[in-house]
Each structure stands twice: as structure tokens, then as C-alpha cells.
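Listed next: structures, encoded as C-alpha cells.
Two complexes come next, and they have one chain in common, subunit A, joined by subunit B in the first and subunit C in the second.
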Partner chain A sequence: MTDLPPFLVALPLVASVVVLFAGLARSETGWPIATLAGLAQLGLAATLAYRVFTAGPISYVVGGYEAFYGIELVIDGLSASVVVLIAAVSLGVLAYARTAGPRGNPFYATYLLLVGGLTGVAVTGDVFNMYVFIEISGLTAYALVASGDTGRSAVAALKYLIVGTVGASLYLLGVGYAYIGTGTLNMADLSAMLAEVGYQSTLVQTAFAFIAIGLFIKTAVFPLHTWQPEAYAGSPDSVSGFISALVSTTFAYALIRISLSVFTPDFFAAVDLAQTLLIVGAVVSIVAGSLLAVSQTEIKRMLAYSSVSQFGLVLAGLAVLNQTAMIGATVHLLGHAVMKGGLFLAAGVIATATGAREVHEYEGLSERMPYAAGVFAVLAFSMVGVPPTVGFVGKWYIAVGAVEAQLWPLAAIILASTLLTLAYFARLVERMYFREPAAADDHVEGESAEPQPDAVVADGGRPSLGMYAAVLVAAALAVTLGAAVVPFAELLEPTLDLLLS
Partner chain B sequence: MTEIYSLRPLAAVLVSAIAVVPILLSGRRPNLRESWTVLAALAKFGIIASMVPGVLSGTVYATRLGTFLPGVEFTLRADPLGLLFALLASLLWIITSFYSMGYMRGLDEHAQTRYFAAFAASVASAVGVAFASNLFVLFVFYELLTVATYPLVTHDETDPARAAGRKYLAYTFGGGVAVFAGAVLVYWLTGGVAFTPGGIADLANADPMIARLAFALLAGGFGVKAALMPLHSWLPDAMVAPTPVSGLLHAVAVVKSGVFGIARVVLDIYGPGLVGELGMGTILAAVAAFTLVVASVIALRQDNLKRRLAFSTVSQLSYIVLGLAVGAVAVGSPGNASAYALVGGLLHIPAHAFMKLTLFFCAGALHVETHTDDISNMAGIGRRMPVTMGAFAVAAAGMAGIPLVAGFVSKYFLLIGSVSAGGTTYAVALLVSGVLNIAYFWPVVYTAFFESPTERDPKPLVEGPLGGRFGAAASKLRSDGGPATERSGSSWDLQSDGGPATEGSGSSSDLRSDGGEPEDGDSEAEQDDHGFAADHEGQGIQDTVEAVEQLDEDHGEDDRLDWEHRRWTGEESTWLMLGPICFAAAGSVVLGIVPDLAVFLRIVRLIVAGATGVTI
Partner chain C sequence: MIDVLAAGPVDLLATRSYYAGTFLLLGIGAYVVIASPNLVKKVIGMNIFQTGIFLFFIASAYVEGAQSPIVGPKAVGPFVSPLPHVLILTAIVVGVSLTAVALGLIVRIYNEYGTLEADVLQEVRTDD
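This part shows the complex of A and B:
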């Protein structure tokens, strides 16, 4: 028993308030405090993860109120991985955001609040408590998207707000149905009581449908993704890097958690339709997301649609419902966060230095920015799934899992997703390396004559060391994490055994 | 067979991978940069060659790098089959490095640093493919090879080059996905993907339908790089790359990695016996036989030399695949048919490599020195480039299977194998293809040595319209009113008559400057085309004009136009190019005369003994 779990959530929340009030006394204090809090959070997360992986799951009853009224925090291998990811990525984005902006203490306060909310989603063991944290994360994410200070960010944030709230409300409806059926909100209790009520009960099935669809919206599964491309493309680069890496990831985690811990694989065995829902969502997302990504002209929108497709892959790993595929889903969940966050930040570095935000503006980029172009290419190829990168390993496990479960059409789509991903990244790489910059002068003149109102250009114009460092670390991790997957899978196995039993 | 833990296989892969860094860093000093390439090439060959005696005496060197996936070790193993491919690739990389210097500097190419770096990375991946100890490691390096060679295909940065690059990525990653799917299936069936001489035992007990599906996926996936029809079409387009790339990668390293993959699948995953039992050997043999005949027929009509060589590669690669497939079908036939076919197929890997490298190097030398790329413009060129065309003649003879050159030995084994296995169809296909080989190589040699620009025989096969008389009528209808005769009639006649010479060349250069230049402007117009032609017709008028510029009235008899005469002592070009050409040609002769002395045949025998238990 340890008292650390509540601090995981409390630390960023308290730090957020500190940042806000420190800003009243002195501006420019946001970044140092946020970084300190981030470091502490990472240390805390690593300590807890170490304990979880060596000594098994930790649960903590908040305030000593046992269930049925109290709230329980549960950290097992899966949630510990996500918590470490959140802490690490938020620290990396802080390194980037220092010069890239947005500046000011309110931004850092919101940022920390989001970190707290996401961590809360990851560690809670109570479905209603999870709703609270989903709302905290959602609201702060809307605010961060709007921090771009342009008309485009505001519209994107409004759209995100409306669609995102619908998603959260659907989730809450689902929780309500489950509560009516069972009279409890604790995940562990729910899973037992739902089985007692009977999986064929309409109440239970409706609860699952509402929760799944709500989280589909939050995760941006096609066709419920409509908020996402604008939210990513319209927000400042630091923010799009952060939310693309963490927000959808955490909500996908929430879906996995609810599906496996609350409804359990038995539910899926009893209700074919539920598994079909997941599989169809996965397949449609993979295919449609890639096709939409190919047709984009703006880099960040393309990356956003790529996320739609990649989360389809994660969903596929969940839908297969066996251990191999779940390892794959977890690896891809974490790996995608690193790769996609890195790609958004790399796009930000490139845009800061050259103003290039469109696909055609990347022509001949390798000569102007060899390092940024190189990092972008490495991340792109690892997203495609070129071995031995982490993008490949995740896909391997999911594919092997799908074959083991003999879900042939799903396996075919998973494999074909490599080519679909290649379709939109290869054209970028080709433009960066094998095309002359198409009359670069014209573009510069064009932009200075008619500055794009929507473009969120950081001041400065020269990427800082921190910006480069964040991007380089992401690329290095994308390449090397692949080798760490086997030991990680061994650590994860006890958790998954428990979840899938 | 003893297995020794050694760092040598890893070192062999890494030495050129690490060399990429100093090559990139010394981009501003070409001589330093090239010395890194040469140093890495020599070191790589030294490391690989040092393992040959051990492997021949039954030792296998292995580097273990830990577990990558459950049940799948990331291990590099230098077993006989891997060593065959690695030794070949690293030996030929040395001479290709020298040739590249002569070629790239001779054409004053752009982005040479990227070129040499990508080249080193490609060879590292190719050796990784060779030393892979299981299907998974093989797949890793197979994909890396695709990525590393992509910059070489698109080297020119022109529209055709980018199109070829896109096609290359689409085809080979498509193949990669199929290999991946096949590997997943094998993994699912047997719980492992490690190469085992004679095949993975569990696979024989698995569901035959799924085993067949996995085999089809694997063979089809590797078949993309092995250019099995109908998956070959990326290869002629990839000829847009600089010629050393076409030589080493698109005749040796890349395409052979596909063939090598098929060899691994047949010999070390399924085992020849099981492939035959599943009935997949017959299908594979049929595809290979079809490819080797049809590609030869297509090669007949190519006027552009590099395209003709590309289709020749497509055809010759299928000899290897045919050897493997017949070897699988013939397991259990009398007279060691299976072993003979396997020896023939595998020996064709080095044999074809030496010969085709010679041919590509010759094509590149012709291009650098005379800018002549279409065979129809090569009349009499033997006087200008005697050593080059001499080497070309030797290698071409070997391709056709004429004794004393490498191609004969492998085809001999292949033929014995097919005949004693009762595979008459395959034997006939082999013989027909041999005749076709002569039919498409002899005209090149003939025109180079026995014709002159002013006196040429008609070449109905190349120049005649497709579809014979009816085709001619159709094409007349199409080009009605146009100067059809002027275009097809050679411009030499016009010039030697003294009459409308200026008009002829003037109008053609107009054509070129009007239509030939891309819209982007100067940068692309100055690009070298590396002898690439986009279609079967060759480069046409553009190449004719470039060839005419080389001709001079002072050299022919009676003041007729002719090539400048140069002596056999190497004044035709730089020794940076002639040396590699002579080395490769000599290599193919050595393989043909004393195959047992050349180490390749001994390695091949060892492989076959390991896979079938029969020693020849």
C-alpha cells in the first residue's frame, strides 16, 4: 500500500494553481514552475510504474471511503505505461514550447490542468470519476486549442467543444444506464454486477453502446472524427503536438479500460455485435483516415487524418481481444504518441523556420533544413512501419494477434494499412528530397504580400535548441523503442492476463 | 555443423552502415569521401572473405543480438547460402565503387554525396539480408534495402525519376506487405520463423491450405524484387538511375535479395520436399518458365541498351527461380535431379551477377564516353570503344550459355536437373530462352564490330512496326501526312550525302529543344539521362543526334562518317571504368572455365548438400 497515487493527479493540479497565482506576481514564471512540476511528475510516475511492474497492481481508496461510495484509484501495468507516457511527453513538449510559445502563465496553468486531467483518466478505478477527468481534459484541451489567438483557432476550438461535449455526454449516458442496472460505479464492482444482470440485458448492451460511441468521438474514430483535423491544424504547434500525442491516446486507453475491466471479454463473447462494432470502427477508420490523409494539402491536417487511421489500428488490436493483439495495441498506442507528437513538432520546427505549412511547400526542404527534414523522414518511415522501428513492432503484434484469432479480413486490412500509410508519407518524403524548391522566392513574396491570417507563426522565426531537442528525441525513441518491446511485453503480460481472463 | 559466436557477421553489416556517416560528413572533399567508400568496401569484403574457409569446413558464424519478438531472435548468421550472397555483393561492391567514381565524375553528377552514402547503406542492407537468421530479420533488412535504394532510383530528381521512384516504392513495399503477411502466417503455424536447412519440421504438419497461402504470399512478395512476371514492371523503369546503380543494385543486390528470399523460403523454411508436396513448386516453376521466355521475347524489341539489359535481367533471374522450383518439384526423382537443378539455380546467382555487371558497366561506359544509348546508333562503335565492346561480347556470350563463360556452367546443371526430373517443358523453355539470348545480344555485338554508321543492315525486328504489314498500315494511318520516312530512315544517310545534312540535324535538335525540355526550365534540361528510355522505342531522335555529334569524317574510309578509332590500350575511357569492366568480364570467364577453383561453386555444393542431403 502506498500513498503516492493521488499525488499523480494532485501534483499537476496544484502546480497549475501555483502557476496561475505566480503569474500575478511575476510573468514569465510559468515555464520554470511547469518544468519543475513536470520533472516531479515524471519521477513520481516512474516510481509508481516501477512498483507496479515489480510488485503488481496498486489500488488506493481516496479519503478512506471504501466503495461503494468512495473513489478508488487503480494502477496496473497498462495505466502505469500511459501515466509515464503522459509525464514524459508533456515534459518534451515543454522543452519545445519554451520558445515556440504560446507564452504566458495562463497557458502553462491550462497545460498542467490538462496533464492532471489526463493522468486522472488513466489512474481512476471509477467510471463516474473517469467522466469528471474526461471533462477536465476536454475543457482544458478546448482552451489550449483556442490559445492560438486567431479566428481559425477559435472556430476549431468551438467545433471541438461542441462535438467533444456530445461525446462526453454520451459517455455519461452510458454510465447512467450501467448505474441503473447495477447500482455501482466502481469498475471492479461493475464488472461483477454486469455479469449478474446478464450480458443479454438491453440495459447492459445500451450502456456499452453509449460509452463506446462516446469514446469513439473522443478518440476520433471515423466517421466521428470531425472535430479533430481542425483542432490539430488550427492550434499552435506546441499544442497540436501535445494533444495529438496524448489526448486521443488517453481516451483510447479509456475505451480499452472500460471494454476490458468493466465489460470484460466475456461480454464480447456473449454479444457478437459489440465486437463487430469495434472491428467495423477499426476497419473504417484505417481505410477512410488514410484516404482522407492522402487528399490533404495542409501538413497538419494530413497528420491529423493519419491519426484517425492509426487509432483505427489501435482499435483493431483491442477488437481482436487476445493477448498478442493487446500487446500490439498498447505498443502502438504508446509508439504512435511518440511518433505523431514528434511529427507535429517537426512540422512546427519547419513552419517556424520556413513558413512552410502546405504539402507543396515542402519541395526541396532537405536542402534548406537537412536535420528537420531528416527527422521528419525518419518519423514518417517509422509511422509507415519500416522495421525495426516501434511502428513496425506494434503492427506486427496486432497482425499476429488477428491471425491467431483467425479474423482474416481484419488481418488483411491491418497489413494493407502499411501501404495506405506509405501513400501519404511517401509523397512528402519525395517532395522533401527529390524536388527542387519550386521558385522559393515567389512563395516568400506571396506570403509577405498577403500574410495568411490563419497561420499561427511563432515569433522569432529561428527554431531553438529545445525545439530541435524535443523532435530529435522523438525520432530517436521511434527508432530505438522497437528493441525494448519484448521486455516491455513481458512486464505487461501479468496485467493483460488479468484483463483478458 | 558447428555454430561459433562471432562478431564478424555483425561487423560485415555494420562496416558500410557506419561508413555512411563519414561519407556524409566529407561531402565537400570528394577524394576523401570516395576513400571512405573504398575503405569500407575493402574492409567489408575482407571480413566476409575471412569467414569463407570456416564456412567451407562446416562452421557457421553467428552474432546474437537478443530477442526481438517472442520466439524470434535477432541473430545474424553466416551460413553457406548467406555467405554466397554476401561474398558476391561485397566483392562486386569494390569494383562498383571504382566504377562509380569514373561514372559520376565523368558526367559531373549532382548530389554525389547522397549517392555514395545511399550506396553504402544499400550494400549494408543487402549483406544484412544475406546474414539474416530468420524470416523476420530478413524482412527487416529487406525493407531497409528498399528505403536505402529509393534515393538512388530517384537520383535524377526529374519527373521520370520521381515516377520510377514512386513505382519502385509502391511495388516493393507492396511485396514487403505480402512477405510480412506470409511471415505472420508461418509464425502462427509453427511458432517460429528461423531458417532451418531442409525446412521447419512443424510446417509439414500444418494445415496445407494455409501453408500454401503463406508460401504464395512469401514467394509473391519476394517475387516483386525478383522481377517475376507480372510483377517486373518496376525494373525497366528503375533504369532511370545512374548506371552503376542499375549494375550493382538492379542486377545484383536488390533483385538478388528477392531471389535470395525465395531461396530461403524454398530451402530453409519449407524445404524443397514440402514445396513439391504442396504443389507450389510446379506453380513457381511455371511462372519462372513463362517469365524467362516472355522477357526474352520482349528484350528482342528493345532498342535502348539499358532497357534490353533490364529485360534480360528479368529473364535471367527466372533461371534461378526455375532452378529452385524444379529442385523442389524433383525431390525423389532418380539421378539426383533435384540437387542438380538446385546447384544450377544457385550457381546462376554469381554467374549472372558477374556477366550482367559487365554488360551494365559497358552500357555506362558507352554512355559516358559517347552518349550513345540506343542500339540502332551503335553501328561501328567497336572501333571507338574496343575494350568495352570486347568485354561486352564475352559477357553476352556467357548470357547465352556458350561454353567457357560462367553462364554455361549454371545452365548446364540446370538443364541436367530439368531433364532428369522429366521436366521437358522446362528444358525446352531453357533452350528456347538460350536461343533468344543470342538473338538479342548478337545484334549488339554485330553492329558494334561489323557495321559502320554509313553501312548498316536493316533491323526489321526493332525497326519494323508491331503487327507486321497490318500494323504498318495502321501506323501509316495514324501518322498521316507526317514525315514518317524521315524519322525512321536513318539520319546518317542524309548527312553522308552531303545534301540536307544540316537540315536533318537542325530539325532534330529543334525537336529536342522544343519538345524535350521540361517546363521547369534549365535545371532539369541539363540533367543527364543515364541512358534511360521511357518506352520500347528507345530514346529515338535525341540519341541519334547525340551519337551524330560524335562522328567525324576524318576517321572513315573515303571520308565517310565514322567513329574515331581508338586503340585497345585503354585510351577509349578512364581506367576507373575499364578496370571494373575487365575485372567483371574476367570473373565471368574464370567462373566458366574453372568453376571449382572459384569458391562459389564449392559454396553452392555445400548449400545443396545441407538442404537435400545429396552431395554432387
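This part shows the complex of A and C:
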């Protein structure tokens, strides 16, 4: 028993308020306070993760109200990994955001609130509490998307808000069904009592359908992804890096948590339709996301559609429902966050230095910005799944899991997804390395004749050290984490045994 | 619940009119969000959609002939379940904050583009 879990959520929330009030006294205090809070959060997350991986899951009853009535926080191997990821990525993006902006204390206050909300989703053991944290994360994410100073980001944020709210509401409706069937909101109690009610009960099946569809919307699974490309492309670079790395990731985690902890694999064994729902969502997302990514002309929209396809893979790992595939899903969930966050930030570095935001503007980039182009290419190949990167290992486990479960069509799609991913990244890498910059000067002038509202966001200046550092660390992690997967899988095994039993 | 289903659709509607109301509200809300081109109306539709869910929870707490759940020396059960009320109170607060953020964004969009119609907005934005 330890008293640390509630601080994981409370620390960023309190820090957010501190940032807001410090801003009244002195502006420009946001970044240092946020960084301090981020460091403390990472320390806390690492401590708890160490305890979870050495001594087993931690559960904490908030306010002394025993579970069933009260709210329980539960940290197992899976949630600990997500919590560490959230803390680490938020620190990395802070390093980037210092010069890249948006500036001002309100931005950092919202930023910390989002960190708190996401961490809450990861650690809570109560389905209604999870709804509240989903909405906190949602609200702050909408506000962050709107923090760009263009009209485009406001429109993107409003669209995100309306679609996201419908998603969260469907989740709440599903929770309502489960609550009416069982009379409890605690995840552990729910899983026992849903089994008692019977998995063939329409009530239980409808509850799962609503929750799954709600979280599909939040995770941006095709065809419920409509909010996502504009939200990523319309927001400032730091924000799109942050949101693409963490928000969908945490909601995909929520789907995994609800599917395995609340409904349990027995539910999927009893109700074929539920597993079919996940598999269809996964397959359609992988294929459609990639095809849409290929057809994009704007870099950030292309990366956004790539996320749709990669979350299809995570969903596939969940749908297979065996240990190997779940290791793959977890690794890909974490790995995708590092790679995609890195790619968005790298695109931001390139846009800051050159103003290039379109695919054709990347022609000959390796001569103008050799380092940035190199890092972008490393991250892109990692996303494609070139060994020994973390992108390769995640997909490998998911594919092997699908083969073990003898889901041949799914396995084929997973392997094909590598080629599909290559299709849109190869296009970019080829432009960066094997093409001459298109008649440099007059072309740039031709471009500036039609002003790009987004290009204005860039300061037109040089990317700072912090911006480069964030991107470099992401690329280094993408390459090296692949080697860490085997020991990580061993650490994760007890958790997954419990989840999949 | 099973005997209610066996009683036929008319009785079902009569005894569970709350649930019919819930899904009517959900339907109307979803329709307004999708079909109305006006951004403010979309937000209103979103609110109607959420209200349907609120009704769903509150109706589930209702117990025929029960007291309000205020426990005191004179209170005699059975009581209406208080938990869904608390949950929905939270959800209402969330809904209000969402509406506030949405309206704030709409003001910004109007200042930027001078329109509240989604289709006009589309045209204005493809122009620039």
C-alpha cells in the first residue's frame, strides 16, 4: 500500500492552477513551473512503475471510501507504462514548446491539465471516473488545438469538440447500460457482475457496443476519425506533436482496459460479434488510413491519417486476444506515441526553418537541412517497421500473435500494412533525398504569392536547441527501444496473464 | 425486465416512456448535429443529445413510490437511488463547460470568417 497514486493526478492539476496564478503576477513563468512539474511527474511515474513491476499491481482507495461505493485507482503494468509514457512525452514536448510556442501561462496551464486528465484515464479503476477524466482530457485537447492563432485552428477545434463530445457521450451511455445491469461502476466489481448477468444479455452487449463505438471515435478509428486530421493539422506544431502522441494513445489504452478488465476475454469468447467489431474496425482503419495518407498533399494531414492506420494495428493486437498480440499492441501503442510525436515535431522543425508544409516542398530537403531530414527519415522508417526499430518489433509481435490465433486474413492485412505505410513515407523520403529542390527561388516566390495561414505560425527563425533535442531524443528512442522490448515483454507478462485469464 | 418485454410494445411504451423519451432526445440531438449547417444549432443539438443521456440515468434511479434519498430520523425507505443523480450532476457540469468552450470557439470563428453557416465557412476557407 502506498499513498503515491493520487498524486499522479493531483500534481499536474495543482501545478496547472499554480501556473495560472503565477501568470497573474508575472508572465513567462509558465515554462519553468510546467517543466518542474513535468520532472516531478516523471519521477513519480517512474517510482510507481518500478514498484508495480517489482511488487505487483497497486490499488488505492480514494478518500477512504471502500471500493464499490468509493473510487479506486488501480495501477498495473499496462497503466504504469502508459503513465510513464505520458510523463516522458509531455516533458519532451515542453523542451520543444519553449521557443516554438504557443507562449503564455494559459497555454501551460491547459497543457498540465491535459497531462493530469490523461494520467487520470490511465490510473482510474472506476468507469464513471474514467468518463470524467476522458472529458477533462477532451476539453483541454480542444482548447490546445484552438491555441493556434489562425481561424483554421478554431474551426478544427470546434469540429473536434462536437465529434469528441458525441464519442464521450456514447461512452457514458454504455456505462449507463452497464450500471443499470449491475448497479456498480467499479471495474473489478463490474467484470464479476457482468459475468453474473450473462454475456448473452442484450443489456451487456449493448453496453459494450456503446462503449466501444464511443472510444473508437475518441481514438479516431476509421470511419469515425473525421475530427482527427484537421485537429492535428490545424493546431500549432507543439500541440500536434503532443496530442498525436498521447491523446488517441490514452483512449486506445482505455479501450484495451475496458475490453480486458471489465468485459474480459470470456465476453469475447461468448460473443463473436464483439470480436468481429474490433477486427473489422482494425482492418478498415489500417487500409483506409493508409490509402488516405497516400493521397494527402499536406505533411501534417498525411501524418494524421497515418495515425488512423497505426491505431488500426493496435486495435488488431487487442482483437487477437492472446499474449503475444497484446505485447505487440502495448509496444506499438507506446512506440507509435514516440515515433508519431517525433515525426510531428520534426515536421515542425522543418517548417520553422524553411516554411515547408506540403509534400512537394520537401524536395531536396536533405541538402538544405541534412540533420532534420535525416531524423525525419529515421522516424519514418521506424514507423514503416524497418528492423531493429520499435516500430518493427511492435508489428512483429502483433503479426505473430495473429498467426498464433490462426486469424490468417488479419495477419495478412497486418503484414500488408507495412507496405502501405512504406507507400506514403517512401514518397517523402524519395523527395527529400533524390530530387533537386524545385527551382529554389522563383518557386518560393510563387508560393508566397498565395499566403499560407499556417506558415505564419513559424517564426521564420532558426529552430532552437530544445526543438532539435526533442526530435533527436524521439528518433534515438525509436531506434533503441526496439532492443528493450524483450525485457519489457517479460515485465509485462504477469500483467497480461492477469488481463487475459 | 423480461415480463415487460413479453407484455408487448404498447405496454412497453406506456411503462417505460422515459426510455422512449431518451432515445427520442438522442435521435433529435444527433440529427441536429449532423443536419443543421448552423454552428450554434450544432452545439444546441449536442446539448439535446447529452440531455437524452441525463434522462436515461435519472430514469434508471426511479423507484415506484420511493422517498427522496435524504436519510434522517423520520426517513422511511424505500429510497430513490441517489448515485445516478450525483453522476449526472457531474455530467451536467461537464456539459456546461463543453458548451462554454464551444461558444467561445464559435465567437472566434465568426470574428475570423464572418459566418456561422458550416457550408459558407467551407467556401470561404477554400478561397483563402
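Please note the rule applied: the second predicted complex is superposed on the first by the 491 of 501 C-alpha atoms of A that agree within 3 Å, B and C clash if a C-alpha of one lies under 4 Å from a C-alpha of the other, contacts with A are read in each partner's own complex, and residues count from 1 in each chain.
Operating definition for what follows: a residue touches a chain if its C-beta (ideal position, glycine included) is under 8 Å from a C-beta of that chain, and two chains touch if they have at least 3 such contacts.
None of the values given here were measured: they were computed from a predicted structure.
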| item | value |
| --- | --- |
| Which superposed partner A:Ala483 touches (first subunit B, second subunit C, both, neither) | first |
| Partner chain(s) touched by A:Val403 [first = subunit B, second = subunit C, both, neither] | first |
| Subunit B versus subunit C as contact partner of A:Ala411, first or second or both or neither | first |
| Which of subunit B and subunit C A:Leu498 touches, first, second, both or neither | neither |
| Touched partner set for A:Glu430, first subunit B, second subunit C, both or neither | first |
| First (subunit B), second (subunit C), both or neither touched by A:Ala209 | neither |
| First, second, both or neither for A:Val386, with subunit B first and subunit C second | first |
| Subunit B versus subunit C as contact partner of A:Ala188, first or second or both or neither | neither |
| Those residues of subunit A which subunit B touches in one complex and subunit C touches in the other | none |
| Interface residues, subunit A side, partner subunit C - complex | 128, 131-132, 135, 139, 142-143, 146, 150-152, 154-155, 157-158, 161-162, 165-166, 169, 172-173, 176, 179-180, 185, 453 |
| Subunit B residues touching subunit A - in the complex, by the definition given at the top | 66-70, 139-140, 143-144, 147, 151, 154, 157, 161-162, 165-166, 169-170, 173-174, 176-177, 180-181, 184-185, 187-188, 520, 523 |
| Subunit C to subunit A touching residues, read off their complex | 26, 30, 33, 39, 42-43, 46, 49-50, 53, 56-57, 60, 83-84, 87, 90-91, 94, 97-98, 101-102, 105-106, 108-109, 112-113, 121, 125, 128 |
| In the complex with subunit B, residue positions of subunit A that touch it | 381, 384, 386-388, 393, 396-397, 399-400, 403-404, 411-412, 415-416, 418-419, 422, 426-427, 430, 433-436, 482-483, 485-486, 489 |
